[in-house]
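Each of the next two complexes has chain A plus one more chain, namely chain B in the first and chain C in the second.
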Partner chain A sequence: MKILTVNFLTCAVKACKTSPLSFPLHFRDAELEQSDIGYNPSFLRNILPRVDWEALKVTATELGFTTVPSEKPNLDPAPSNTDLPAPETAMETSEPDVADEKVMRDLHTLLLETEVREGKMVCGNCGHEYKIKEGIANFLLPSHLGR
Partner chain B sequence: MEFLIRFVQIHETFHKPEIEALAVLAGVDVDFLSYSENSPYSVVRLKDEASAKALVSRSISSKGIYELWGAGTTYEELHGDLKQRSSSQWSQYQSCSFKFDFDTFSGSRTLSEQRRIIESFKYMNFNGPIKMKDPEQTFTIFEEYEYGKEGGPLRLFLGRFVGGTQRHILNDYTLKKREYINTTSMDSELALLTANLTLAASDKIFYDPFVGTGSFPIACSHFGARTMGSDIDGRMIRGRDGKDIRTNFRQYGLLERYLDGWISDLTYSPLREGRWLDGIIGDPPYGVREGLKVLGTKDGSGKEVVWINGELAHLQDKYIPPKKAYSFEAMLDDLLEFAAQHLVDDGRLSLWMPTANDEDVELGIPAHPHLELVSVCVQTFNKWSRRLLTYRRMAESQDKSNRLGRQKAEIKGTTANDLNSFRRRYFEGFKNPPVLEDLG
Partner chain C sequence: MYSSEAQSDSELYEEAHVHKVYEQIASHFSSTRYKPWPIVERFLKDLPDGSVGLDVGCGNGKYLAVNPNVFIIASDRSNNLVKIATKHQPHTAIVADNLTLPHPNASFDFAVSIAVIHHLSTPDRRIQAVAAILSILRPSIKGQGGGSQNNGGKTLIYVWALEQEHSRRGWKEGDEQDVMVPWVMKQKPTAESSEESKTFNRYYHLYRQGELEHDIAEAGGLVLESGYEKDNWWAIAIRKPG
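Now for the complex of A and B:
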């Protein structure tokens, strides 16, 4: 289970969806594995706006990563699809604090190259444990929770 | 400028929707001047040659695109149209290497006939070397005959080859050579077409909630998307004999684009709220053999905690949750609702659903106020057919408050047979005329 995926997962119990305690799920006995994946800044740039930053910080801390900045990096605006020339005012104001290469590479390592191979994810609201085996999490609910 | 698209006559109802989807991806405007599902030749209007190349560069349903130099119903007409339309262009091709190709549909020409016809175009004065292999320019004479009828061709075209497609990859992706498959694996041609209809591309995240052996994620990742999938059947995700979805991704060199697979049920999805998916593709199980299963017990009981050997049953590894019958229509509604909640603006949902041949085609198409139906493609089998529905997530301001098509199914029955009109009619052999109540 990649850390990027973990950022999109919460408790499967319907009653937990409204509780802020159910997200992110908390790791227990997590065994990590690193793999090598080609660095692709344009994918990161597209996906970072969808990442829940507070949740990512919690997950990273629980797994022992200390490289996540406290604020989500300020990103280049996505290249526009239109072939109209950008108005000059946009050129002046779009000098953002572009996330530096190091921060982006660290995020790439954490989000895409780091995987939880074994362990459990626990809901902070209902306490339900979801097992991860060989990188695969099981979110099927027992019948007493499945309503 | 006018161009001719050379389709391949299989899965014909996918042709036009695929090209229209690719036009969205490539950001080009395409205008169909002539199109018929019965013909492999379609004439379109596009801004320029670059647009034409971009339009079909990842097409699966077509073999290539040609700048249209002439058209007619007889050779006399074709020559006349060619002179009028393109004589100003001839000079720029006078010294390049070239060849002529012949493309006949539903008919044939002997080699000597072909040579004679090609000779009849020599007034264009191409003096460059003729190269059968990798010439700079290829000019193709297209002849379309009426199937099964004697006589000459009905339509003729002359085109200059401009750009190829991705159709040649079908050989690489065929299920025959794939390492991990089962009986539910989607044919690779249809999976790749589905990926095009859903606008799979680089920097996007795609999700398949009925992932099986990963046919759709593989197709989407071929076009650059990062993919994830889940299945209610853990055996699919875990694989067997040391082979699983990852094995397939590795086989195609796409492993870096596979994010994750997990075990879950769409009705109790663990995916968090938010519009963060670019595309959703699914071939929901319609339970012809076993009836659909979702978590929960049929009679509403089974909410007690179960203990086995002093341990909570559901925490044991081998615990298998009870499953209850589920109406296919209700599942489609759940899927549409899920898509509306998770897709980005203009993100797409493609889903496969069965339709009995004798059922009214329009009635069964589910609708959602946030989703616009983009296309309906049909695959016909001997006794039934299935169709691929593709929807676009509208921006909030574009929502239609009125729901078209079938209203949300009311669940009355309790057995799989009661709940699933398709499954029941499948076993009845589609003998009975369609009954409106069946459709909920």
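Now for the complex of A and C:
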């Protein structure tokens, strides 16, 4: 399971969703693996506005990543596929910034290429543990918690 | 509402007649499911780049291949199907129940649930499944001047239709809506078994015309568009504004 995914997960117990303690879920005994996913800067730029940065920092720290910037990087969204600028305009306005490029590469590695293979995610509100096995997180609840 | 005892009975029923079956037929089922349905494909391709959403009951994840410019968190009850679904980048797949989705409320731009809700065995649980999807969608934001605008997160829901006289099943208006549908899995005869095929029965609730729209309204949704495509009823809906 990707680190980006964790930013969109919370406890499956309905009563927990309204508690700020249930987000993000907390990792225990996580085993990580690097995968190789094609680098797509426009995907990252478009997704970044949707990332809860404080939650991502919590997750990254728990997994031992220390290089996440303290503030969300301010990157221009990629031009949408409906209004692509003419090629010469693109050259002028979106000259690749070396520092941005480094931030983007690091985010790509962290958000998309880092997989949690084994471990648990724990709800900070109710304490329920969700297991991750062979890269797949399981959120099925025992029936007494599912109501 | 159903009592928790009745609820638990329907959970056990679905476990036996839906979840266990998909777990066993996963790879064979997957090999027959690769062509996206046109309405679903259009819905996913029309999303703005960078949208974040869910595929609830993703099966083998065939819809995850449609648009790589959005991020989809796909889920299914079947671990074996989720294993197959995880191969579609940049998306992700988890094991979850569609009545207890592990996602924050009111946060997603879209959700699709294709050929899933018809596997729930009571009217109440089918409405709960729609409500669970609506609850994770972004609500609409009032436009300038306070007028309501239908700009919230959107869901596309697909269910099997009762009205399919021209299909090989031949069901039609007035027929029984709660049915068991066989899945025949061909297999090579082995030392232990000479059988050449094995039949699994899956439970389905076949939707009458108008029933999906009714369930969506009951669940607190507003239908923006709906129709019939190849033996299925479909609807695009948002959370009812304000």
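Keep in mind that, in the parts below, the second predicted complex is superposed on the first by the 125 of 147 C-alpha atoms of A that agree within 3 Å, B and C clash if a C-alpha of one lies under 4 Å from a C-alpha of the other, contacts with A are read in each partner's own complex, and residues count from 1 in each chain.
Here is the rule we go by: a residue touches a chain if its C-beta (ideal position, glycine included) is under 8 Å from a C-beta of that chain, and two chains touch if they have at least 3 such contacts.
In this text, all values refer to a predicted model and were calculated from it rather than measured experimentally.
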item	value
When chain B and chain C are modelled together on chain A, clash or fit	clash
First (chain B), second (chain C), both or neither touched by A:I37	both
Chain B versus chain C as contact partner of A:C11, first or second or both or neither	both
Chain B versus chain C as contact partner of A:R50, first or second or both or neither	both
Partner chain in contact with A:N138 - chain B first, chain C second, else both or neither	both
Partner chain(s) touched by A:K102 [first = chain B, second = chain C, both, neither]	neither
Region of chain B that runs into chain C when the structures are aligned on their shared chain, from 78-86, 186-194 or 312-320	186-194
Chain B/chain C common contact set on chain A	1-2, 4-5, 8-14, 17, 23, 37-38, 40, 42-43, 45-47, 50, 81, 130, 134-141, 143, 146-147
Contact set on chain B toward chain A in their complex	27, 202-205, 226, 228, 230, 232, 234, 237-238, 256, 259-265, 268-274, 276, 295-297, 302-306, 312-315, 317, 319, 321-322
Of chain C, residues touching chain A in the complex	4, 7-8, 11, 48-50, 52, 68-69, 71, 73, 75, 77, 79, 82-83, 86, 89-90, 92-97, 99-105, 107-108
Contact footprint of chain B on chain A as seen in their complex	1-2, 4-5, 8-14, 17, 23, 37-38, 40, 42-43, 45-47, 50, 52, 81, 129-131, 133-147
Contacting residues of chain A [partner chain C, same complex]	1-2, 4-5, 8-14, 17-18, 23, 37-38, 40, 42-43, 45-47, 49-50, 77-78, 80-81, 112, 130, 134-141, 143, 146-147
